[in-house]
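Shown below is the structure under consideration.
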Amino acid sequence: MEKRKPKRSLKMSVFDAVQTPAERRIEALSDGVFAVGMTLLVLDIKLPTMPNEISSHEFIHAIFALWPHFGVFVLSFVILARAWEVHHYIFDYLVRYDHTLVYLNMLYLMAVALLPFSTSLVGTHSNFEISAAIYAANFLALSGITLLIWNYATRDRRLVRGDIQPELIAWLKKRLVLSTVINCAAILIALISPPLCILLLLIYQLSMVIIPFLRKNSSVAE
Amino acid sequence: MEKRKPKRSLKMSVFDAVQTPAERRIEALSDGVFAVGMTLLVLDIKLPTMPNEISSHEFIHAIFALWPHFGVFVLSFVILARAWEVHHYIFDYLVRYDHTLVYLNMLYLMAVALLPFSTSLVGTHSNFEISAAIYAANFLALSGITLLIWNYATRDRRLVRGDIQPELIAWLKKRLVLSTVINCAAILIALISPPLCILLLLIYQLSMVIIPFLRKNSSVAE
Amino acid sequence: MEKRKPKRSLKMSVFDAVQTPAERRIEALSDGVFAVGMTLLVLDIKLPTMPNEISSHEFIHAIFALWPHFGVFVLSFVILARAWEVHHYIFDYLVRYDHTLVYLNMLYLMAVALLPFSTSLVGTHSNFEISAAIYAANFLALSGITLLIWNYATRDRRLVRGDIQPELIAWLKKRLVLSTVINCAAILIALISPPLCILLLLIYQLSMVIIPFLRKNSSVAE
Amino acid sequence: MEKRKPKRSLKMSVFDAVQTPAERRIEALSDGVFAVGMTLLVLDIKLPTMPNEISSHEFIHAIFALWPHFGVFVLSFVILARAWEVHHYIFDYLVRYDHTLVYLNMLYLMAVALLPFSTSLVGTHSNFEISAAIYAANFLALSGITLLIWNYATRDRRLVRGDIQPELIAWLKKRLVLSTVINCAAILIALISPPLCILLLLIYQLSMVIIPFLRKNSSVAE
């Protein structure tokens, strides 16, 4: 983003900086759903009710037994962080919106709102194929609907700024297609080995966060 | 909205774009309640505590047994999405507000906040007439209070922009009356057949989302 | 507010309308806590786990048994609505803030965040004096801290606009003192009769919402 | 802040007051996570299910037995209040952001989102060393990541305003280092005496809130 920012600030005007209330409210609703979603994830990390006379050793054991919940908390937080970044990137380029965009965004927020459910499912029942498959399907919904939104908004520059470069449109689309393909593959892998599915999702998400640091190139990644 | 937007942008000025903090805060509170409401809906979709030695087949069965919860999650999300869109549409036309509007809006937010309760009720006890009736009554509260807000705000253009067309006022009012009548009917139908009531609400809500797409006409629908 | 608005809009400028990010964020945090608080109240209204073979009559009975929870939900929602309105009214007059104001506001938000706890307590255990007393104490915290904030901000016009009328400062202070006294009285009454305490709080809060309508005078009330 | 405000308002312009949507959304997401985090803390303060025929004396006893939960609620609220204040202070100086800052901030929000978990842990199992150590580690994560953000943003004034005084950069860094060291010490003390650890955290946090009042100096403290 740093690369893009200075450019934009050159032609910055009050009208660039100030959004209409309409655009602001779609973003406010979305940010609210992201924030609540991120915070509700933690409700799944909790100790079972334990007898009072538990020993210190048993207690530490119970804490460590929470690691699958903690692991998927981190993974779900990372996907929400990346989803937020891309959402924010796309909405930065939007200058208009219409009925279709509002409802594509609502569909997207539904996928965000479902993440605490699928996270809890895979955290509690990580041994079942169906849990991992539902979790991966939730990731697929996020990347797939983002792809729909980007395609819809950029076709004939319907809803985006006229001065957006074609390379940028193509670049983000390619990234979103890659994410969608990987999330599809993760569903199939879940049916063979749930842990492998989670591992694949974790490696892909973390690498998408880390690669920009290695490149010393601060562009948004999906 | 697309139809309306270009028009407005012609006469756009800093004063059109920038809201006073007062208006912004009513919208911020409302968006917050919508966002938390949408996200809390998911807390109702959860597996019952299950024995550890459950078979994969039993687990899949338990997942599928969640479908009524998932179904009403989707329906409640759609009504909140549509309620948000109409709320946002109305507040876009407001240029003033007063004590009455603030408290009509609070009554409205109370109906939004109650939706996770009525959704959970009908998801868990869908076989009881009273559950479906309470759920439909919650929908009725949403459309009825919106109608009150719109009537109050537009009477003698009390709180809305002076340049709002009378056709637009009448059009939204007609839509809100229709929603209110259908939600009343749904309560009565609930007392005869709960599933029929849910089906009616689902068909009506989805059709109000889908019809604008068919018309290739992106106006807001209620 | 309507009375005040037109006046202000006459001398409205970009600097009146646009807040600094700093002021906006205190309000955003506060609105978030209000919105989440309002929505969490509903988590307390839920049916106990019921046997599957329950009759329709027993189910309706269980629904009606929720009325104390529903009653305090409404009362708590009304106090939060009024608290939000006054908070918003006060912050509209603020032009500066300092360390003291930030932490008085944090103390206030703590009282808002505790309301779902005290509401749940009185909804579940309405027969105990201590429940009603804690609930009334939470109301007292809200009105008392608001009074502190108003006194602190208006002393020598420390943090408020220079053109604020002394009558307005005195009027809101008088209202807040009245609320604080009534909430103190409610704590004492709770120790004698919990239902009487709840009734007093309900009558006072509702009358403060309704009186402005009767007067056809849309000023903010506390 | 009061000291700083008047200065800034002298050189205030539309561009100072109006943030770009991008900066606003990072703050909006952060404020949302803070607001939800603060409010979720209360979910941990609840009475156990009690028999119906409980005596008034037993009920009062059960209320008082909640004091550890209430105590850590207050402590966690105070740390979130202070964390919000410092976050807000830092973001006030930011004029740019990049991929690294976005993800450092996400890591920070993860620590905020985890606080309701660690608070619940230490509230329920305050007698175990590991609980207090995890709680102190959460405090350490908050101060440590804030230090990373401040160092990253201010190195060569990468992301902050050019006119920021070197003394201010050094002053906040010193404070953050102190917090980080104390939180490290708290983890070690937790392994010896959990109550002493909580007491240390409480004294430090409260003193950081109270000292500015004593000094009649309204600067931000960490």
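We call the chains A, B, C and D, going by the order they appear; numbering starts again at 1 in every chain.
Following the convention adopted for this analysis, a contact is a pair of C-beta atoms (placed from the backbone, for glycine too) under 8 Å apart; a residue touches a chain by one contact, two chains touch by 3 or more.
On a predicted model such as this, the values are computed, not experimentally measured, just so you know.
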{"item": "Interface composition of copies chain C and chain D: same or different, split at half", "value": "different"}
{"item": "Copy-to-copy rotation for chain B and chain C - C-alpha atoms, rounded to a multiple of 5°", "value": "90"}
{"item": "Approximate Å spacing (C-alpha centroids) for the pair chain C, chain D", "value": "25"}
{"item": "Distance from the mean Cα position of chain C to that of chain A, given in whole angstrom", "value": "35"}
{"item": "Junction residues of chain A, two or more chains touched", "value": "14, 18-19, 28, 31-32, 35-36, 40, 43"}
{"item": "Parts of chain C lying in touch with chain D, wherever the complex brings them together", "value": "14-15, 18-22, 25, 28-29, 31-33, 35-37, 40, 43, 96-100, 102-103, 106, 109-110, 113-114, 116-117, 120-121, 124-125, 128-130, 134"}
{"item": "Chain C partner contacts - residues on chain D that touch it in the complex", "value": "1-2, 5-6, 8, 12, 14, 16-19, 23-24, 27-28, 31-32, 34-36, 38-43, 45-47, 56, 59-60, 63, 73-74, 77-78, 81, 84-85, 88, 91-92, 209, 212-213, 218-221"}
